[in-house]
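Next, two complexes with subunit A in common: one pairs it with subunit B, the other with subunit C.
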Partner chain A sequence: MDFLYSVTADPVLQIVEDPVFFLQIILEGLMAGVMYSLVALGFCLIYKASGVFNFAQGVMMVLAVMCMVTVYDAGFGILLALLVAMVFMVGLSFAIERVVLRPMVNQPQIILFMATIGLAFFLEGFGEFIFGGSSQKIVPTEALHIGRDALLIPMFGSEIRLQQLDLTAGVCAALLVATLALFFQKTTVGRALRAVADDHQAALSVGIPLRSMWVIVWSVAGLVALVTGIMWGASSSVDFSLVLIAMKAFPVLILGGFTSVPGVIVGGLIIGVGEKVAELYWGDALGGSIEEWFAYVLALVFLMFRPQGLFGEKIIERV
Partner chain B sequence: MIYRETGQYKATYGADQQLFPIVQDRYFFFAFMAFLVIYPVFFGSDYLFQVVLYPVLGLGLCALGLNILTGYCGQISLGTGGFMAIGAYSFFKITTIFPDLNILIIFIFAGLISALFGILIGLPSLRIKGFYLAVTTLAAQFFVEWCINRSDWLSNYSPSHTIGAPPRELFGFLVMGPEAPGSAKYLVMLFIVAVMTLFARNLVRGRIGRSWMAIRDMDIAAELIGIRPLFTKLSAFAIGSFYIGVGGAMHVMFNLENVDPEAFEIFSTSFPILFMIMIGGLGSILGAYMGAAFIVLLPVLLRNAFPFLGIDIASHVIQHIEFMLFGGLIVFFLIVEPAGLARLWQILKEKLRQWPFPY
Partner chain C sequence: MAANGGALLKVKNVEVIYDHVILVLKGVSFDVPEGGIVALLGANGAGKTTTLKAISNLLRSERGDVTKGSIEYLGERVDQLSSNDLVKKGVIQVMEGRHCFEHLTVEENLLTGAYTRRDGRAEIYKDLELVYDYFPLLKDRRRSQAGYTSGGEQQMTALGRALMARPKMILLDEPSLGLAPQLVEEIFDIVRRLNEDEGVTFLLAEQNTNMALKYADYGYILENGRIVMDGEAATLRENEDVKEFYLGLSSGKRKSYRDVKHYRRRKRWLA
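Entry: the complex of A and B
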């Protein structure tokens, strides 16, 4: 009975008693959701253009930001550091296309997925080998003009806190999505990428070079990874445990649908808010830190009703 | 010359369908089994047992379970660590509640609990497939990790949720716990592994195994020819999880002996076992053990190779190299030989049949 009360009535009472706090939680959840969406965006891009579910995206994110921070710490300017990181990511996508993707054209998607798991392990070992495994690095927030203060907004006689960092992440995500939308809709390359995403063979037959398209899309995903890595790195520190963040992006992806950029954003927000609210109001009743699996269960429940995710394309299968 | 099947006529269906239709194969197999029993018992050192034999047998059984699920039925799972944890913790719990129960029966019960959970996790597979499903199996992994980290009851109120192998006897011999002789534990493991492998071998070539493969190759087509997807997928989840549960329980009780929940983490458990079946060969029983041996032995080899060559190298650097090698090998195998080590073994046998002629 106690348990039932603490699961059903108690959270509702808490929300009614302190609506400003609830609003605060929702806002925090939305901000966390934006961060999740940023990670998931990289996955989504690559999946759209090449049909590969890139498990290595999390490692790519850490590698990008590691590279940038290492160059910056060596005494070079922040612009140069960003540039080096970008060049590094583009070089990496060239290498991945040449070594992994090209020999595996026409393999089933699931085999490509497994290959990216191998790639993730390789890149993690490689990154730890080069940048040092145990070292923690700090993202130079001042040099990047990212504020770290909290804004206080008065509301209903009490206050709501907003982290500047979260706001920056939100603006970044909005800018990224807008740029990507423009890029995909308005440029020749973007149109070619959409064609590749639709059908590899048809795209090839009208003269779209598949290989260079893959390099482009992996590079774009690498740049998104760099931005994401900076944001996540700024909120804590940069080391290889950040790879686990990518795990948080999976439920976002399956919730929103693998192929949809808006889906990724909405999915991220749902997961972010759901996680925070569930943890604060239901967490104690269920045993604490349910954040670890809540997102997955939420996504799983969604999947039962919409197997293609919220905004995913309808799955049509033929024999 | 030696490996030639000429003149081996089969007069009955039974003879034609036996596990080793070629006499040489049969002799080789029995000789190999005899070697596996005799050599370690008489000449096995603790190092050999703990570094090579226990992990290969325990993790090999887990890899076999995953291979049933992923290799035969095509349902990719990343939650292996979770099922191993379920097997290990249920074994521990049952054996502390009923100390006098035969441990072989407890292993079966541990596997059954894991199988039950596997069916539960398999339910979404009816609606979703591919990596959507892979991600939902992660839910199982994280949920189980969370459960064993939260529940004091599961680990008998040990402060860090650690479970240990209690001393247990089988038919009057001490076979479990820190005091038990290495060869006794080894023989029990070998017995369980041999029986379960034989069972799996017959399962996959029977009706149920063929329906798994039909579902794997194209589930809609399989459904059209009358294979029930519900029963087929869930049976693969149940049987695969049963094997993983028993394998996990054995790996913990005989090999590790003391574990905390972190031992079942995704990067240290689930992925290496996935690598075992990818390197060993998807959809091959022999491949599961070959892959297990490969993944277990590679780090041992690396750790010994560098000092042997006179290169002084820090242990964490070796670990990084290990990661790179694992990752590189996965990609290499997927490109060059997607069917894995088991396929290489088959090619070797084909070549041996023709030897010394080129074709």
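Entry: the complex of A and C
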């Protein structure tokens, strides 16, 4: 009975007792969710356009921000640093297309996936070689005009704290998603990218050049990785252990659907809020550290009942 | 064109090998005259699709290679071009089995066909209306996802998508595949109208010999990667062997199995 009470009635009572604290938790969850969404966005883009699950996305994120910080630390301006990082990511996309993707045209997806795993290991080593592996680097938040303070919002006679960094991340994510949605739905190149995702051969047959499509989409994913890397780097520090954050993108993608940009955002928010709330209100009853596994269990449930995710493209089967 | 003997496309002694070992085309040669409808006929595995893909350069992505011979379009060799360049030059393939982009709407499918064009939005949308004129059915379904449309509508979408590239020549692979006879006739009627009104040249690969010879001007019959017979469509239709083996019409009395075997052997020698 004690256990039943602590998983059913007790959390509800706690929420009713202190609703402002509950709101604070929700808000923090949403902000964490935005960060997850940003990571998942890069995966989603590449998957959409080439059907490849890019295992190297996490490393690309670290490389992008490493490059930016290294240039800045060498005494160049922040704008130049950002520019160099962007050029670096686009150059990387060209290289990946030439060396990894081009020889693999028309291979089964699983082979491309394996290739990206190899790419991830290579890039990590390569990154450590260029930028130095051990030293942690700090993202220059002042130069980027990202505030480090917390905003206090009065609510029901109490206050809710909102980190400026989180707020910036939220705005960035919203802008990115809006731009990408427009790009995919309204432009010729966006349409061609969706066509490539559906059917490589048919896309070739109507004269869509597969190679440039891949360079474009990997470049865009690289730029998203740069933004994501800056945000994550700003909240802690920059080193190659950040790669692990990419693991959080898997459940987000499964929840939102691998091919849907809005799905990635909603999936991220659900997971962010879900794990924070679960940890605080159900944590004691279920033995703590729910935050660690909550997302993965949720993803598992989704795989059972809705494998295409919330907004994923339905698997079309004509009967 | 006059220098090229009036042929828009000249395929000379082309040999195709898949995966470095499997010899699929063993020296295929034929011409497609400008403004004509030419049919490539033959059974499964004869090499029709491979021939079309060799021309449109889609072979390389399937580990196939043109190892001998040449393909000339407008008097220029095109066998090393990418499919993208070839579409720009006016040769586009409609693949067997439709291959629509299933998650795109019908209209988006059509618009992807115009990807290589650089003559501006207005021109492209004018051609979109033209395609809708030819396929009124597609106009009603323009907002539906192509994956959910019927087989006939998908074939129309695929053909319309190719038209959006403003091609001089369409390589049409097995348009009758999986369609009801009435619909097949409708598609072929549209092919003829496109040929007459828009001046599009067609190279058609078909198993449906009867239908293809009804609409084509000239036909080539492929067997085991070789052309074994060719002629005006009307002549081929009257040819006893074509009637017997491809049209399913025999000359009345039943033949004994031994005669058939003998005939097949003789034909292989001739090829």
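Details
Following the convention adopted for this analysis, the second predicted complex is superposed on the first by the 314 of 319 C-alpha atoms of A that agree within 3 Å, B and C clash if a C-alpha of one lies under 4 Å from a C-alpha of the other, contacts with A are read in each partner's own complex, and residues count from 1 in each chain.
One rule holds for everything that comes next: a contact is a pair of C-beta atoms (placed from the backbone, for glycine too) under 8 Å apart; a residue touches a chain by one contact, two chains touch by 3 or more.
All of these numbers come straight from a predicted model, not from anything done at the bench.
Annotation: superposed three-chain arrangement on subunit A; subunit B versus subunit C shows no clash, the two fitting side by side.
Judged by the touch definition given at the top, the superposed model places A:Tyr296 against subunit B, while subunit C stays out of reach. Touch criterion met: A:Asp199 reaches subunit C, while subunit B stays clear of it.
Touch criterion not met for A:Gly75: it reaches neither subunit B nor subunit C. Once the two complexes are overlaid on the shared chain, A:Ile117 sits against subunit B while remaining clear of subunit C. Between subunit B and subunit C, B touches the greater number of residues of subunit A. Remark: in the superposition on chain A the angle formed at subunit A by the CA centres of subunit B and subunit C amounts to 80 degrees, rounded in steps of 10.
Shared-chain residue A:Met304: touches subunit B; no touch with subunit C. Legend: residue contacts after superposition of the two complexes on their common chain; A:Pro209 is shown touching subunit C, with no touch to subunit B.
When both complexes are overlaid on chain A, the residue A:Met104 reaches subunit B alone and has no touch with subunit C.
In the composite built from the two structures, the nearest CA pair linking subunit B and subunit C is 14 Å apart.
Overlap of the subunit B and subunit C interfaces on subunit A: residues 318. Taken together, the subunit A residues at the contact with subunit B in this complex read 53, 99-100, 103-104, 107, 109-111, 113-115, 117-126, 128-129, 133-134, 247, 250-251, 253-254, 287-290, 292-293, 296-297, 299-300, 303-304, 307, 317-319.
By the touch rule above, subunit B contacts subunit A in their complex via residues 74, 76, 124, 127-128, 130-132, 134-136, 138-139, 142-143, 145-146, 150, 218, 220-221, 224, 266, 271, 274-275, 278, 316-317, 319-331, 334-335, 338.
Interface of subunit A with subunit C (complex): residues 105-106, 188, 191-192, 194-195, 197-209, 313, 316, 318. Contact residues of subunit C toward subunit A in the complex are 56, 58, 61-63, 82-84, 86-88, 92-95, 99-104, 108-109, 111-113, 115-116, 145, 147-148, 161-162, 165.
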